[in-house]
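A, B and C are the chain letters, set down in written order, and residue numbers restart from 1 in every chain.
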Amino acid sequence: MKDLTQLTAKEINSGIKNKQFKASEVMSSFLEQIDAKDKELNAFITLNDKAMDLANAVDNKIASGEDIGALGGVPIAIKDMLCTEGLKTTAGSKMLENFIPPYSATVVNKLEQSGAIVIGKCNQDEFAMGSSNETSYYGNCKNPWNTDYVPGGSSGGSAVAVAASMAPISIGTDTGGSIRQPANFCGVVGVKPTYGRVSRYGIIAFASSLDQAGPFSKTIEDSAMVLESICGEDPFDATSSANTDLSFVSSLNNDLKGLKVGLPKEYSDGEIDGEVAAAVETAKKQLADLGCEFVEVSLPYTKYAVPIYYIIATSEASSNLARYDGVRFGHRADFKDKPAADLLDFYSRNRGEGFGTEVKRRITLGTFTLSSGYYDAYYNKACQVRRLLQQNFTDTFKQCDVLLSPVTATPAFKIGERIADPITMYKNDIFTTSTNLAGLPGLSLPVALHSNGLPVGVQLTAGAFQESHLLNIAHKLEQSIGFKGEIHS
Amino acid sequence: MDIENVASLARLQLSEDEKIKFKEQMGSILNYFEDLKDVNTEGVEALVTPTDINKDYRKDGSVSWDKASDALEIAPLKKGNLFQVPPVV
Amino acid sequence: MIGDWKPVIGLEIHAQLNTESKMFSNDSTAFGQGDNANISPVSLGLPGALPVVNKKAIENSIKTGLALNCKIRGTSVFARKNYFYPDLPKGYQISQFDKPLCEEGYVEFHINDQVKRVGITRAHMEEDAGKSTHHGDYSLINLNRAGVPLLEIVSEPEIETPAEAAEYARTVRQILRFLDVCDGNLEEGSLRCDCNVSVMKKDATEFGTKVEIKNINSFRFVEKAIDYEIKRQIEVIESGGEIMQETRLFDSTKNKTYSMRKKEQAHDYRYFPDPDLLPVQVSDEWVSEIKSTLPELPRDMAKRFQQDYGLPEYDASVLTQEKSLAQYFEQAAKESSNAKAASNWVMVELQRELNDKKIDIENSPISASRLAQLIQLIDKKVISGKIAKKVFAFMLEDDKNPEDIVKEKNLVQITDESALEKMVDEIIASNPGQVEQYKAGKTKLFGFFVGQAMKASKGQGNPEIINKLLKSKLG
């Protein structure tokens, strides 16, 4: 039989429906793959011990002629930021080492309603704070193309799970590039939807005004299928949108003739790796062949994106992470030998022990930028410039349909190379954070292999709620590029 | 930045090593943020959440949560169904 | 004013809005449930849980804002107030900060025969915290209250005496109850009152340092606590001391305020707009829709009672203390067509009875219709006023209408002149000594004969007829 782990989600679902193979065979193939590879790659923190039972249940449905759903029988790996009822959810932190959520994220419920089976929970930077997966309490996750390299972050485990065929699809979260950057480093597709497209309910918050969950997959089509399942209004999320244009799969093959692709002037400035720039050129050439036209656009405020992003994200995070206090759930220090001197001591020890250094660094920063006397200069100022930046994008999308740019200036870097220097690490997000700040949809599509053997992709960004456009262009581009993300190890 | 004061405001115990490192790093990070000062933002309304959707609010009505007891089970320390903490007065 | 000192008082009233579910989640607000029974991922502050605003809480807040003559903001903003406390699950309270829903209003009330107007700075929505109980070397946390919707009503510092403060608070409570947005129950904590008190010299231009008094659970104590605090502050300053900005609590057994223990550090709440909640948009249409549903407010109702029913100002204000009382009165007045009698019966007999037995007017054993029937029985001379009180007493015991009671107990007034004449004749015949004295000029004895006649008729004889008969018989 064919190696089932190499199939797309679409192929798996239709194969099960057509009785070419069983859901249980699919599940055991992926579990074997995890068994074989994950000791080294460390993409999973927790496996779902009910996954096989759930696959058998799908087979029973098939046997009795029931509908199994658009993702029926498809294993899916979930970033450990999403609460899964009864299945440990750690956010990559010691703080939640023993946290078994009593409820599931809306995204997880929706995927399950579509028939997908959660195979396990993926490694990530602690509370999604990082770009390399090195801040995880559960150890580094490694790039399957070369295990000396980082997989990117924060959704590193989710990217690796798909890249190493340990799951056909996965879910990550993207606050400043945390889906697109690891997708780029691992040679898979990663999509961050428009802010408000996907409910944030049950997704552990890093920065509420920036966070969005989205899929990783081997093909744009698979991502489109996952998005159709997870998008939509949720009564439990006041920022979720009622927008009902969810015809992502059916628009994939629309003709691109006459579409305008914007090339942001600012995104070609600076120190971009030559082969990364070449990947953008390759994409440009293919898009030209598909009938697209090009227009140079200017987004002057994007040069402030990283500072705005770090001020807003850390400010929000300092407040979002206040609930980890050791009272109702999560890590509590051992006070038996040394009782808490007072409440301050109680909290400080619980939190000081439960959080890792990067999380503490960002909470400290965000607490400061909101504090009395600094609020206007930092937090409020950043929100004002954010408005100008968003306006930049709104104006730009009057001139073009999508933006084409690099995802990051370089391919994946080595483990340990940047962890000591926060600013260099933060600057890694230079091309991705603007999308979150403006609330736009964006994706990362693999294009080529770098001479160092690591994949390189491009980023496409569209106007708010223009996912069907974005996926259509990316799908056609994917077809004409024909990048084969197969890892030869 | 007064690291000790900020860390106490955030209820974060920092190691000596973290304090030293943070002090230095915060300096350069804040310095990096200085660029924003160049932007004229007079009269610009702050953008908090990047969406302008305006939906109706939740209709009043209560639902009893069937997982309430599971939720209490995960507490680090309880007495009966109440969360136990050090004395707060 | 005490000597040349002038107190400056402002009140912050926290009113729990009558909703079935919490401000930002669908768990119940019911009082008196089991420990941590009213919880959800949202009120527990579980990772990933998000707030969603309860529409009724906004509507109730707008209603209150309108009744307090406030401007309603078209766009108001929920902000996070960040601080750590075990009964605050998320580590922040969702409140409103620089853009509250209601601003710049006022209330008016009568005090010392004058109308006092107190400005309302703002009224903003927020969620309540949970409850901590203390047990020596540990504390316990119950989150049933966490997330219950509150409206915080902040007055201008325009209150000048302790009595005004209490009257202001009573007036606000009365309005909240008329609007049916808050039950106003101080004991259960659905209404809480914090007082800001400072003193300044009469001719000073700057306010003195203010002290906040928290957790006062009755309006009588509001008055006492402020009174004590004013005297304390003056004494401290006059003896050369300085007032510390602090929070004090009121001890109602000692009639004193005392300082809460010193806080660990200065507060820096790091308010910022809650990114989980979009600004609250309130259209003019929504406001006018709500305005059109506002009930008649107490002061308007009192004025109408004076005009429509000719009640004195005092009666009108007593009867409008509570909406249910006012409604009771008005029904009794209309059905009996005798407002003055209805007002007297309600204010004297009924109120005394209800107060004695601690019964709400809603649960009065005598309905407004039956009280009206009773009044009509008097007006139609079926019974006398004296017998009516007897009937009233029976009505309290028995769920029966007054007419039936009168019949059953045979209490109908005797107006049959020949029957009464017989009684009168017998009395005259059996009291020859008194008759002689009366005739000799001791006319005071007339009362004796009336009493005897009433006694003989078991109180049911028509007093006018008896008088007439006695006068003619005794000459």
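General remarks:
Operating definition for what follows: a contact is a pair of C-beta atoms (placed from the backbone, for glycine too) under 8 Å apart; a residue touches a chain by one contact, two chains touch by 3 or more.
Just so we're clear, the structure is a prediction, and the values are computed from it rather than from any experiment.
Ranked by separation of Cα centres from chain B, the top chain is C. Taking the mean of each chain's C-alpha atoms, the chain closest to the overall C-alpha centroid is B. Across the two candidate interfaces, A-C and A-B, the one carrying more C-beta contacts is A-B. Between the Cα centres of chain B and chain C there is a gap of 41 Å. Chain A and chain C have centres, each the mean of its CA atoms, that are 56 Å apart. Remark: chain A and chain B have CA centroids separated by 22 Å (rounded to whole angstrom). Along chain C, residues 41, 44, 46, 52-53, 84-86, 141, 265, 268, 270, 275, 278 each make contact with two or more other chains.
Within chain B, contacts with two or more other chains are made by residues 8-9, 11, 46, 48-49, 51, 53, 58, 71, 83, 85-86, 88.
Of all residues in chain A, those that touch two or more other chains are 99, 102-103, 208-209, 235, 238-239, 318, 322, 325, 327-329, 342-344, 347, 367, 371.
Listing the residues of chain C that touch chain A in their complex gives 41, 44-53, 80, 82, 84-86, 89-92, 141, 264-265, 268, 270, 272, 274-278. Per the touch definition, chain B reaches chain C in the complex via residues 8-9, 11, 46, 48-49, 51, 53-54, 56-65, 68, 71-72, 79-89.
Those residues of chain A that touch chain B in the complex are listed here as 85, 98-100, 102-103, 195-196, 208-209, 233, 235, 238-239, 241-242, 301, 303-304, 307-308, 310-311, 318, 322, 325-332, 335, 339-340, 342-344, 346-349, 351-353, 355, 357, 360-361, 363-365, 367-368, 371, 377-378, 380-388, 390, 422-423, 426, 437-439, 464. Those residues of chain A that touch chain C in the shared complex are 82-83, 89, 91, 96, 99, 101-103, 105, 200-205, 207-209, 235-239, 315-316, 318-319, 321-325, 327-329, 342-344, 347, 367, 370-372, 375, 379. Listed in rising order, the residues of chain C touching chain B in the complex are 19-21, 26-30, 34-37, 39-41, 44, 46, 52-58, 84-86, 132-143, 261, 265, 268, 270, 273, 275, 278, 281.
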